[in-house]
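Multiple structures are listed underneath, in structure tokens.
One chain, chain A, links the two complexes that follow: it is found with chain B in the first and with chain C in the second.
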Partner chain A sequence: MTALLEVRDLRVEYRRGNVAAVRGVSIDLAPGESLGLAGESGSGKSTLALSVLRLLAPEAVRAVTGRILFKGRDVLTLADRELRSLRGGAVATVFQDPFSALNPVLTVGEQIEEVLELHAGGRNPARVRDLLARVRLPEPDRIYSSYPHQLSGGQRQRVCLAMAVAGGPELLIADEPTTALDVTVQREILDLLDSLRRDLGMALLLVTHNIGLLSERTDRLGIMYAGELVEVGPTRTVLSDPRHPYTQGLLKSLPRLTKTADRLPALPGQPPDLGRLPAGCPFRPRCPGAFDRCEKESPVLRPVQGAADRAAACHLLP
Partner chain B sequence: MTLLEVKSLSKTYAVEAGIFRRRVGAVKALEGVSFSLESGRSLGLVGESGSGKTTLARILAGFLEADGGSVLWEGRPRESFSRNEWASRVQMVFQDPTASLNPKLRVRTLLDEALGQRARWDRTALSGRELKERRIRLLNDVGLPPDAGEAYPHQFSGGQKQRIAIARALAAGPRLLLADEPVSSLDLSVQAQILNLLADLREKFNLAVILISHDLTVVRQLTDRVLVLAGGRSAEEGETARVLAAPQSPATRNLLAAVPALLR
Partner chain C sequence: MNFFRRRGRGAGRPMETLGAALVGGLVLAAILAPWAAPADPLRQDLTHRLEAPSARHWMGTDDLGRDVVSRILYGARVSLTVGALAVGLSVLLGTLVGLAGGYFGGWVDAVLMRLVDVLLCFPSIFLILMVIAFLEPNIVHIMAIIGLTSWMGLARLVRAETLSVRDRDFVWAARGLGLSTPRLLTVHILPHVLSPVLVAATLGVGGAVMTESALSFLGLGVQPPSPSWGNMLSAGKDYIHLAWWLTLFPGLAIFLTVLGFNLLGEGLRDRLDPRLSGQ
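Then we have the complex of A and B:
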């Protein structure tokens, strides 16, 4: 199957601190597929996700190299007009904070109508009510004429989802969509995201620091560390049989309901400062298996032996 | 020995409206909540936002007065303690260490102020050398090198800042630490280090800990007992392992359902 989205050797450098937040990442997304991207602060996951629609503030970015192909066309070279029609149309986004994503002085209905006007052939109140019902908001008529501040956080994120799917996207990019919400609401929003994706046949790029959330929601999982993709594969196998020492160490360190010991096997150290990356492998200072080669040569992502659908970047692997 | 006893604690907030702040109603944030905590033991305080856990923590920290019920420290009512006496017994660690540390002060100054304050409460004075010794011991207790004192908070990572915030709380020599979501703003790979540190400190100083969290995996790891709050009332209380294995209240079941399968 041809990919819907192909990211090739993407590198994003910020002016501030003169750092590269994404350093040579390649990843594919098939139509209708859901891909999770997990990583900590400074891993580059959000920079990567925002780059897909060129949503990074131009004054903050020094250079973007590589290619981002959406249905074969390079987003990085699109004219402004084409880019505008892509945003909110074939590619939609939802972010962490639903309040700042909505216009406070327009009613919910008005904001969704605007999306329809731009991307779906014109205003259509019946369609807006249908969308509100689709994101499981009660009383679509009341919500239609409500302002964002009259809704709860979970309801606002549902409105954002309704706006996102209003343009009939083929790809939805969700960057920490539930981080600002209560734990029990998080689950509802993720369930909704899941069912929307299936019903509408969209592909989903779900970015989060909370690796646990991705376990039940995505087909494939990519793990990012210090601007690099260090491991990728089917979510289930990456989580049950991680190959990169970072993924292994991280998963082992997480507290669980089935507590096994009074102390957790914590990873030492902290995520690296992008301005002062160690030579060689960026994970080397925290890696229990590091050897001299790791200091000299940064490992590249390559297929895992015996698992064609998996890849990892580590010198320890055969 | 019972360190802290909370008896049918209640707190109501007034709901005001209009430019004259007319009272139009009331919200019961806490209604008849009771529990007790033994010296050196740990209790998890869990619930969704609006469950009353933050109100309860703020009352225990002494930031807020309750309307009804009582808080007893070794049998003595909280009102009979001065602000300083209470602060030398109960200290708090917050979710966001960046917001809780003064960015203009060196770590050394932050810790020395807290150590000096405790000495004054005890009506003693510390010499410069004693102060330095205690500061270095404190830094060591939280896993930081002696020269960490020379730097400013912003020069540290999130996990290290939380270590500094914990050191400052310990400087007051508390017997109870209130930890409000102490790891939820930290990077995932650093959370385990801080949870281990809190477990170490509990053991080393026979420190009682009340952990306020929405994350049941963290509560399971760190606490002996758990109190589940819902709508300002106690929904369930008991041994953490038992409550989480066989939840009796819908509130507990809801929170458990939010735990991803990966972490069960």
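Then we have the complex of A and C:
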């Protein structure tokens, strides 16, 4: 199977603070496959996801290098017109905050019609109602003529999802789609995302900092730290048998219902300052198993022995 | 967009109501002038020169025996037309320049905003006089000149609003859905900029009426015998000791018009600006 999306050695540098938020990341995504990207704030996961459609403010970015191939074509060198037809068409995005991702002065119907006009051959109120029903919104007629402020957060995110799938995308990029929502609604939105993906055969790139929400929901899971991909593999095995010490620390710090603990073990130390990364492995200052080599040499992502579908970047691994 | 929801509170705003009434009265006077005027504003009657206000001539007659009420009513047409069209032009220019500068940023913004700075350095009456030196003073030129010299403040206002909307999430979301730049600007950004523009435009009409009157007073605006409040004032000043009504009534008309637009503009601002609505 050929990859739908191939990111090769992507590096994104921001002007502010002169930092690289993404430092040489490569990922692959097959058609219909789902990949979760998890990591702390500032790990570069959102920057990576947004660069796929070049949705970073041009004045904030100093340089983007590497290649982002969607169906073999490099997004970074596409002409404006081609990029626009890709955005909302073959690749759609769902943003973090549904409270601000919808235009407050236009009705929900109007905003979805706009996508149909651009990518699905014209306005079509019946199709909009289908889409609203598809994202399980009750009373599509009422929602159609509602303004965003009349809807709840969960309803708004459903509307955003309807807008995203309106253009019939092959890849959906969801940048922390549940972070701004109530915990009870988060699960519903993720379930909806999952069923939409299956029904429509889309690939999904799901960015989150809540690793617990990813289990069972994505085929593969990538863990990012300080702008690098430190571990990647099938979600189930990464969660049950983490190899990178950072992944291990992250998982230990999750609360579990089955165990009672007085205190949750937290990862020691702070997320790194991207402007002043230590020499060698960026995780070294917080790593319980760091040794000499970690100070001198930055580990590269390489296959995990005995598991061809997994990779991690750590000197501790054989 | 809270305009409609707050409509019920208009009753507690006597000044806004007064402003709306003054502006409404002016518009009505301008539209109805041909029917409401008791006499032809240009008809001279040398046997009844400089008559004081009476039952027949409510505001008296001028030095050529023309009926002042009629001239004031027709003058309202001039003032309102000049005010509306000049402000229309200034809104158009200011909005275009402000949107372009705010949205594109970088050198586009730098060039446009330096142009604004330069134009704002000149007193506007100087700019106007400079242009008039080359053009025949007629109503079309007056409107164009007032419009061309009054858009700079609006451009700054629109630029600032555009800057604040440009990077809002919904604009990025719309970008992510493949909208073109013209469409982003018109559908997603312009509506958010409109309410301050509406307020500035209303306040601007008052300013434009003043400028037109000043130019006509100086003899550089609407030319006699066409009635304009400015040239009526100018003609009346020679008789100020003999016939006070020739200066009082045009002056009052200008005063009430500008007051009306200012009160209405401030009322609109209070309604539309969410930052002031808590008061």
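Assume the second predicted complex is superposed on the first by the 317 of 318 C-alpha atoms of A that agree within 3 Å, B and C clash if a C-alpha of one lies under 4 Å from a C-alpha of the other, contacts with A are read in each partner's own complex, and residues count from 1 in each chain.
Quick note on the criterion: a residue touches a chain if its C-beta (ideal position, glycine included) is under 8 Å from a C-beta of that chain, and two chains touch if they have at least 3 such contacts.
Because the structure is a prediction, the values reported are computed rather than measured.
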item: Superposed partners chain B and chain C on chain A - clash or fit; value: fit
item: Contacts of A:Gly249 with chain B and chain C, given as first, second, both or neither; value: first
item: Partner chain in contact with A:Arg236 - chain B first, chain C second, else both or neither; value: neither
item: Inter-centroid angle chain B-chain A-chain C after superposition on A [Cα, multiple of 10°]; value: 80
item: First (chain B), second (chain C), both or neither touched by A:Gly167; value: second
item: Touched partner set for A:Thr184, first chain B, second chain C, both or neither; value: first
item: Partner chain in contact with A:Arg11 - chain B first, chain C second, else both or neither; value: neither
item: Chain B and chain C, minimum CA distance [Å, superposed model]; value: 5
item: Interface residues of chain A shared between complexes with chain B and chain C; value: none
item: Residues of chain B that touch chain A when the two form their complex; value: 48-49, 157-160, 187-193, 195-196, 199-200, 214-218, 220-221, 241, 244, 254-264
item: In the complex, chain A residues that touch chain B; value: 40-41, 182-184, 186-187, 209-213, 215-216, 239, 246, 249-250, 253-259, 262-268, 270-271, 286
item: In the complex, chain C residues that touch chain A; value: 1, 105-106, 167-170, 172-180, 187-188, 191-192
item: Chain C contact footprint on chain A (complex, rising order); value: 53, 55, 57, 59, 84-89, 92-93, 95, 97, 100-106, 114-115, 118-119, 160, 163-164, 167
